[in-house]
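Each of the two complexes below includes subunit A, the first together with subunit B, the second together with subunit C.
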Partner chain A sequence: MSSRLSVAAPSGVSGAEGAAGTGLDLARARELFEKKITRQLVTYFHACAHCGLCNDTCHYYLATGDPRMVPAYKADRFRRVYKRYHDWLGRLVPRWVGAEELSEAVILELADNVFGACTMCRRCTVNCPMGVDMGLLARAARGMLDALGLTPRGLKATVDVHLQTRNNMGISGEDFVDTIEWLEEQLQDEVGDSRARIPLNKKGARMLYTLNPREPKYFPLTILAAAKIMYAAGEDWTLSTNYWDVTNYALFSGNDEAARTIAGWLRDEAVNLGVQEVVMAECGHGYRAFRWEGPNWLKASYPFRVRGFVELMAEYVRDGRIRLDPARNDKPITYHDPCNQARSGGIVQEPRYILHRAAADFREMNPHGVQNFCCGGGGGMLSMTEFAERRIRAGKVKADQIRATGAEVVATSCHNCLDQLMELNKHYKLGVKICNLCEVVAEALVL
Partner chain B sequence: MLSIVENEVQIVALTLFALLYALKLRWLLSRPTVRDFAHARGNELAGVTAAFSIMFRPWAMLSTRQHWPRWLEFGLMHVGIGTAITYSFLIPYVDGILKWPGTRLAVVAVALGFGAGVVRLARRVSRADVRAISSPDDYFSLAVVDLFLLLGIFALLDLYWGRLLFFSLTALLLVYVPTSKISHYLYWPFARVFYGAYFGRRAVVQ
Partner chain C sequence: MPEIEYKDKKIEVDEDGFIQDPDLWNNDLAEFLARMEGIENMTEDHWKVVNFLRNYYLEFGIAPMIRKLCKETGFTLKYIYELFPSGPAKGACKIAGLPKPTGCV
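Then we have the complex of A and B:
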């Protein structure tokens, strides 16, 4: 695993080159660190018994066998700073408890760990007898590092573009509308109904649907699949040209201010259109960011409901609003649970409910659901190209899981997972087809 | 001598212990907590209940299902510790407790706890992945608790020097524990509430 745990500035960590040996404001780092210490964090700093039970729950450790990849070791890169300033023994005899002063080396190693060796997937958390929340610790550390200008360039750029253009790929309003209009024509052809619509900016629609910018840019057919499903269900829905991006990479950079701004745009647009519900396209982190973290960043509950598209599709099937023919998906298929949707969002039953009805041969990975392994693409890892080699290596656990099912198709509900699975497919020569769940449902639709 | 170690010394050590814990709690409670504004999907109370009971349900967590001997060690060691601590209060104040037939069972519990503790120490020393997360405090804490259990066996067998050493170590431990990693159990209820409420609300833990 090249460049692993390097204490030199991780290449591509923005600002890090300038920081190594110079420039890094340690007093400010300390101040930022102190601001991050909530009651939850203090608890998780102290609660770890270093028992090692979580060691083999982490895909990084399983794929490499490197002891420095075990969750508690990674958490200790942050914990040791806390101990140096807030633990009695840590202050008196730092080495006795592994405490360390905030220094450039400590900060850069922390950056390398929390950005490059943890996808914040929380598999260790749900397997820890104390419940030490590594996802929370890693995000708090990332937030501190972000404020110090140490967020890896690709991740920072994604957040910056989002803040500048209101979507993370900088897609212009014109291009967006062109794509949607083209897709509307495709939809009409597919369903044989010239009145079929992909509504834009429809005030008072029941539901506002959001998109991942990767869809209009690279995967427009997933928008078509979703539109087809909503057409079949007779849904009263709309897209918005004012704000439509499901993603929020500030969840990954740890920048609460940016996260709040982005979540606020979607909240305001939903209020403006007067919808009863916002439905998040198949995007694991986007779902978690807006559904679960957004209200906390905004410090207020939403006056509307938020669901993932998977939940809505399951409801359509359950209520008989769409009919599915499993014979149309006759190849063996498995499902990859996006961590942010399953382990951090509780959406576990719905995709299974759907797949048992939309496919003839659905096979579970072992383990799956809340215990599913991260694909390696979580935590914004796809945007941090400097850690690509690690990401692919850590993804071997997922590749082995897929291979063991004998499936020919892998469905998932997340664009980051989709991208990572496609890379794993190529690298580990899995020979499977990777798709979003809505594509499987659209294929099985009986119109 | 034994009477002083079993009484006055323990009371002083316990007072210090309580004071140190109070200071730790004060620091913890002085930090801001995070309020959850998201509409619940599941049930916080169910999550907290599940979180607290998970320790008694090794089948409920994949890690303890896969490593059930580790869960057993954990259980034996903590039962042993609990028994030894209970006897540190009973011996000075309950006449004849060491002659009570139930004490034989207590000796077995403490001995099993000691055995489990030794296995845990051996793992900490021998496995690279556990060594990587171990500070001197981790080794020392485990070793000293093992010693506490060993001396507990002798104390429960009513050996004079066993009692003297057991109570002397108990007094030292009462002061060391709040400052060391052993104090993790003070945070256990908080950790369980935070974890259970957070994941219960999201219907991840039920």
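Then we have the complex of A and C:
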């Protein structure tokens, strides 16, 4: 792996070795490309004026200074193909306008670019005067590449395992129940009430709660924290053994069919249980995928409400359903906004409302909220081990932001961000504690 | 694919440091991987966790739930997180020679 970020060497993309000089079906690629070119994308292709305002919105560019990391340059890896076939100058004198045929080299460079050098965080998008949605461009390109078998191994495996086992870590029903029952006992010990429950498959419960598979598999304390909060609020909730996964990595692979299937499973289970609301565990992309993208994939609105757990916790605090003692979290604490919750999901005020009441010394990062920087782990980047080195390098922007706050604790409301922040903590020797927002709230709970 | 130098041998790992060929795993390599995770001395308790993970993986082809790990070793969650500061997946499983898990890790 070269030390410099390189878009010219697409060695990171699985299948790239096999594809180079061999059987990539270019006719099929062209067909897929045309299918992906929606009216929206065409607008973006025409709208980008190469003004350069996106330069320093991108954490990849800021961390490397490599001009090939500028979002407009990255978007052009896609646009130059469009020009070759749809722009009259591009058809007549392609070289003059930088148009490129859809060749193997062009496809592999595009793959390296949209999978390995963009977290689909959309910070460039909200700062683009023309409104070019780079996240959407990257996803469209990823969808085409996915159909060509060029999705990086770890990302593909995560979607495949999800489709095969109904959760992205392949956890069996038996193991899931065993873990939840164990946590229920711990909950009872902790709150000193043998009637405290983590309900399973409760028909007609008000609310269905979902989990990120890494919670039952490796980090169950967040389930315990959430259950404790729900216990304190007297919530009528349930988990489901039939379908419980909050994630949907097809948002990242660009595979709409898979995305629809996964969103459909959760929708169907919510309908089956007859709940009024589905609450997404602290998971940035899962929240965005189900709440904001799901109805488009399923071509129908839901007969229930969808919220993130952060929103529900804020409501509990506002309505006095839980009481918090900020003195219990007395260390300086900052908050990392998951891009898919803040920028792409509209959850900005709620975590602040909570933290001002759950902690004694809350400090903002600069910038934050809608303008917050990606941790570097978005877009499924954490699963694509090929790009681990780049991911850590690009995360320097976030590491610097954290350091500047002087905080000793970093809270976030996304398991994926959490894992990347833990790696940044180790690599950049930040010496902070990283946790989920619900853990901060659970710590402050006055029962 | 990157490689690590270990006892004059080159071993293929992915960019996150997970070994690619589980058959190359042995106790010496585990100690070497542990040092890369900042664990200088593998204590008896470290081995208890690593050996359980390893044997479970060889039998079932998947990493065990943390619940099983606690039950079988008799250790608390807190203690396991203390033993392996990088966590059960990126710490313990990596040292035990298991592949990188799917999902948000």
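To be clear about the criterion, the second predicted complex is superposed on the first by the 435 of 447 C-alpha atoms of A that agree within 3 Å, B and C clash if a C-alpha of one lies under 4 Å from a C-alpha of the other, contacts with A are read in each partner's own complex, and residues count from 1 in each chain.
In the analysis below, a contact is a pair of C-beta atoms (placed from the backbone, for glycine too) under 8 Å apart; a residue touches a chain by one contact, two chains touch by 3 or more.
Only a predicted model underlies this, so the values are computations on that prediction, with no experimental measurement involved.
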{"item": "Simultaneous placement of subunit C and subunit B on subunit A, clash or fit", "value": "fit"}
{"item": "Which of subunit B and subunit C A:Gly23 touches, first, second, both or neither", "value": "neither"}
{"item": "First (subunit B), second (subunit C), both or neither touched by A:Lys426", "value": "second"}
{"item": "Which of subunit B and subunit C A:Thr179 touches, first, second, both or neither", "value": "second"}
{"item": "Which superposed partner A:Arg95 touches (first subunit B, second subunit C, both, neither)", "value": "first"}
{"item": "Of subunit B and subunit C, the chain that contacts the larger number of subunit A residues", "value": "B"}
{"item": "Vertex subunit A, arms to subunit B and subunit C (CA centres, degrees, nearest 10)", "value": "140"}
{"item": "Subunit B versus subunit C as contact partner of A:Gly204, first or second or both or neither", "value": "neither"}
{"item": "Contacts of A:Leu298 with subunit B and subunit C, given as first, second, both or neither", "value": "first"}
{"item": "Superposition-derived minimum Cα distance between subunit C and subunit B (Å)", "value": "25"}
{"item": "Overlap of the subunit B and subunit C footprints on subunit A, listed as residue numbers", "value": "none"}
{"item": "Complex contact set, residues of subunit C against subunit A", "value": "2, 14-16, 18, 38, 62-63, 65-68, 77, 86-90, 100-105"}
{"item": "Of subunit A, residues touching subunit B in the complex", "value": "37-44, 46-57, 61, 67-68, 70, 72-73, 76, 86, 88-89, 95-98, 125-133, 291-296, 298-302, 305-306, 342-346, 367, 370-371"}
{"item": "Complex interface listing, subunit B residues touching subunit A", "value": "27-29, 31-39, 41-42, 51, 54-55, 61-64, 66-67, 70, 74, 123, 127-138, 140, 179-181, 183-184, 186-188, 190-192, 194-196, 198-199, 202-205"}
{"item": "Footprint of subunit C on subunit A - complex, ascending", "value": "1, 154, 157-158, 161, 168-171, 175, 178-179, 182, 212-214, 216-221, 247, 283, 382-383, 385-389, 415-416, 419, 422-423, 426"}
